[in-house]
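In the two complexes below, subunit A is the common chain; its partner is subunit B in one and subunit C in the other.
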Partner chain A sequence: MERRLERIDRGIKARASGVFALSSWREMLYLSAPRLIPALGFLLLPLVLDNYWQKVLLSMAVFALLAISWDILAQTGMISLGQGLFFGLGAYCSGILNHSLGLHPLLAVPVAAILGGVISTVVLLPVLRLRGVYFSMVTLIIPLMLIRIIEATKIFGGTEGLSGIAPLPSKWVELYFILSVLLAALFGFRRMLSSDYGLVLKAIKDNDLSVINAGINIYWYKAQALFIAGSLGALCGAFMTHVYMFVGMPVFALDYSILPIAAAVVGGPGTLAGATLGAAILVPLSEILRGIGGLRIVFYGYFLVVFIVVLPEGIFHYIERKYHQFDRWVEVE
Partner chain B sequence: MAEGPILKVDRLYKHFGGVQAITELSFELAEGELLGLIGPNGSGKTTAVNLISGFVKPSRGAIIYRGRDITGLAPYAVVRLGIARTFQMVKPFYQLPAYKNMIIPLYSPRVKQMIGGRYGDRDAVALDLLEEVGFERDSQVAYKSASVLPQGYLKRLELAKAIALKPDLLILDELFSGLSLAEVASIVPVIEKLRKEGKTIIMIEHRLKELFRIADRVVVLNYGMKIAEGKPEQVMETEEVKKAYLGVEV
Partner chain C sequence: MFFGTIIYALFNTAILAITALGFNLTFGISGIANFSYGAMYILAAYVSWMLVHLLGLPFWLSVFVSIAITMVLGALIYRFVLLRVRGQVLSEVIATFGIGLGTLELFQYLGFVGFEYTLPVFIDDSFMIGDTVVDWQRLLITIVAGMLVAGLWVFTHHTRLGLAFRGIAQDESTALTLGIDSDLMGMLSVSMGCGLAALASLLIIPLGSISPSEGYDVLIKALAVCIIGGLGSTGGLIVASFIVGFAERFTDAYVGSQWTMIVSLAAILIVLVVKPSGLFGRQKELAERI
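Here is the complex of A and B:
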């Protein structure tokens, strides 16, 4: 009996574009596994992890969402160095809503997400015309300015911040809230970006003059992308405010701007799944390295460089390519 | 034409710093006419197109489209009124396959307004439009990434993107440049078909032979000024034009 290797996806892809004609459980599994494994993984992980690693998972989900938010902007051609702005605005909005108005956290978080998205869009509206590094510079500066404004004017608790903010009902609500937001954002925005609407956003990055020439007001679309990304970032900030039961100036820190970019770049920009994967690698890595003390940041930086040099396309793109190349032995008649 | 010109360019001026790119340019365009805009390199042809399509704001003067002053309107707003243009330097979306390039204009408010509501399957419409400009349907070339398409197809894609906007006035900026004789010959029928549909067209061209075969009238620019206007064969006889084109004193 002679045998030869055959690509698993060949039969599936050959049949139709977009429409899948599946003939076996095996093919169905091949198509659904990339979606099912992360979804089930995120939902089951909290049950098997201990308290400490549950916190790490929570932090990972937050950074993954920030990285997704960064990637949505990047795909529209806006390279943001200031996810901290979105995060911080959401954090303060939720903090104030709960602290001053007594809004329940589960209500304050979504309201703060929308509010944070609106404020960050309005703040960045005047610079939407800027491209490339000029846009990036502005996004980098604004959160740093806000820190100094809060410090100097002592508004919203000044350097002390606002403490005594109500927590979410339980740690399980916390975990499953943020994980379901992550899954919804990952699959929802992936779908959005592959629709005709998403195509327009990506085309703005590719050639904005040509999009204008097609009669489309790119500033309106850029503002929409900014609102989506801003709301997503603000939601993370609002959520963490209730986890820490505190909001203060550190929410505008550079960590929230830089780490998401590292996650998206290591994971593979342009896919959202890459951003999530990047966060799922970098956040636990940072925790594992905690044991070695002062040299932690050196090793962390070293791993970052290795990832980027070895897989410049991003880990997700590499895995995706390999997945499409899976083959199996078949018998030749 | 009874209802007046579709486009009226009225004493337009444009200077970039100290460079006078367009000086007192005036011309009119009747509905359904094909106007050739010619002149040596650097004579201001593309600037004139940029002014009409709103990519550049004039220093002085007015552009009247269907009786409405559109001077200084944003380019996307100009498109919405029914003026579409192509670029001399093609501007495709290199990351997308050719037929996905077409989705962007098909998504525009102009098309939504013309069709009324949903377009349905934009991919199918895109493939039809591409076939019209010469992307052979059975050759799979429409599915290829724009980054690997040869120049001839990129030019056709540029034309298809403009046609997709269902314009009343179509401005083609050096559509024929960089194309072989055979490629030009295959695009000319597309333009003739557009004329039969009643579209008004402005063509900027260096390929005068091909242009004169289809143009009703030409405007000749030199150093940003209109030096001649009229029927193609008459215009080429005027001394100013000979001097500008051939550089000889006649």
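Here is the complex of A and C:
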């Protein structure tokens, strides 16, 4: 007897998503719960967690933002293997702004985010003409090379880095700043990707020749996506500089490149919520596994491979499907 | 000084060429960018080291065994990982990158770092050309690199398997209609690429010591050479090796050794701005790169 899996939309989904006059609290809850739970969760969690787990939440938010930035680039068909570039540029910009010019951290972070975005766009501008794997190769190389340049030229403190950078006013400002940025980025960019503008970006990934055919300058759009993703990554770097009160060569480390990719792939690429979910799973997990130390990256590396092969759609898409549809086995006639 | 620099630039060229050959082969045939290439390079050296020091095998035997092990591993990676994500560039890149990263960091974690992790040179002797000391190992690398390039050319132009490789590279679906199994060819290409990485590692590593961080450098070097030369083009690979090899050695001699890596980056960026498909990249130029 042969069977196949049949998937049917839940009745509540058919009612709630098609008809715009919602008729019951249950339907409203069905639509709003997936959005309210993360929003309220991120805003309330800092109040119940102790000091240590607040730090974990903070780094989770940073990695979630990096994963969102990676996902925006991936949606435009640019697979970056070097998120560390954006992170590092932002970190150094903010460090220099604060260290040399004495800018207040709350001012230095946004300025560094814009500045980092501009610099990374300019650096990657010649590479924009490349597609697919060629782009990945170059993004993998650039952060590793930048480490060597800083080593060789001894600019910006060389191997020592810059220390004594001013911290943010208090830990509550730190936490709520990054969490509100995360929520704004998550919902804002999700909305952006589903608008006409986002449609163009996604079309570049799917078939750039036909986008060119439609009379759209894809390099201009790619540069914009790069700027958005670069600024977001630079913001994380700038923020972490003020949390650690230090900036040095570790900001270009592989951690900042591999973990966002892992988060986006595990969570499910394509929806920024997946990237956030991935970070929310992986970062606490790696805190629990702190005992294994250096084995963490090993674990991430192989975890990625398993997920790519076994569950390529990611956890978020899986949950989303279960939420909207039920499935049953039916006999094939 | 000048003459000696030229000789060592030639050796550097040979080292770069032999390093990039395997990566280029895999990409040229199946279009898979094997980001675990550096890990395979390091893995072969450690396997050989372990065979010599833990099992007491003679070095020449361990060379064959470790190349064989690396090739089998490459085939397994293709069969169980890459085959399932074939054609999706994103997944291929992430999967091979994950394998490479995991393997290199595993060696790092296990503490395989230090000066005792070296491999013996094949011929421990040197001679003088003018006033430059030349050791046999570097000469051997140059000779093997030349032989490999020539051998690969003959292989891809005059054997059944080599012609099948080129068929798959040119047009996969047409090759399928002629009875060429593209999965088998893909597996062989990854496997042979890994084997070449192992060969390169066993020749080059004796000049220094084995360390996991070397794996990233090898990957970067291979990528740099391939991007400059144009991926999948053997002629481009050789020319790019000459360019990078000479540029590196001359900056090393006349500017400072810490600048050598920066020269490669500058070379990549300049080539990408001027000619995005690389110096000799013609293959599928329009469709793949634009």
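The rule is short, and it goes like this: the second predicted complex is superposed on the first by the 286 of 333 C-alpha atoms of A that agree within 3 Å, B and C clash if a C-alpha of one lies under 4 Å from a C-alpha of the other, contacts with A are read in each partner's own complex, and residues count from 1 in each chain.
As a convention for this text, a contact is a pair of C-beta atoms (placed from the backbone, for glycine too) under 8 Å apart; a residue touches a chain by one contact, two chains touch by 3 or more.
These figures come from a predicted structure and were not determined experimentally.
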Query - Touched partner set for A:206, first subunit B, second subunit C, both or neither - result: first
Requested in this report: Please work out whether A:181 is in contact with subunit B alone, subunit C alone, both, or neither, and reply first, second, both or neither.
Outcome: neither
Query raised in the report: Between subunit B (first) and subunit C (second), which, if any, makes contact with A:300: first, second, both or neither?
Result: second
Report task. For A:138, select first, second, both or neither according to whether it touches subunit B, subunit C, the two together, or no partner. Result -> second
Report task. Kindly classify A:217 by the partners it touches after superposition: subunit B alone (first), subunit C alone (second), both, or neither? Result -> first
Query raised in the report: Now for A:251: first (subunit B), second (subunit C), both, or neither, which partner does it touch?
Result: neither
Requested in this report: Scan A:81 for contacts with subunit B and subunit C and give back first, second, both or neither.
Outcome: second
Report summary line: Of the two partners subunit B and subunit C, more of subunit A gets touched by chain C
Query raised in the report: Which parts of subunit A are in contact with subunit B and also with subunit C?
Result: none
Requested in this report: Would you tell me which residues of subunit A are touching subunit B in their complex?
Outcome: 196-197, 199-200, 202-203, 206-207, 209-218
Query raised in the report: Which bits of subunit B are touching subunit A when the two form their complex?
Result: 53, 55, 74-77, 79-80, 84-85, 87, 91-96, 100, 103-111, 122, 161, 164-165
Query - Residues on subunit A engaged by subunit C in the complex (per definition of touch) - result: 74, 79, 81, 126-127, 129-134, 136-138, 140-142, 144-145, 148-149, 151-152, 208, 254, 258, 261, 265, 269, 293-295, 297-305, 308-309, 312
Query - Residues of subunit C that touch subunit A when the two form their complex - result: 33, 35, 80-81, 84-85, 89-95, 97-103, 105-106, 108-109, 216, 219-220, 223-224, 227, 231, 256, 258-259, 261-262, 264-265, 268-269, 272-273, 276, 288-290
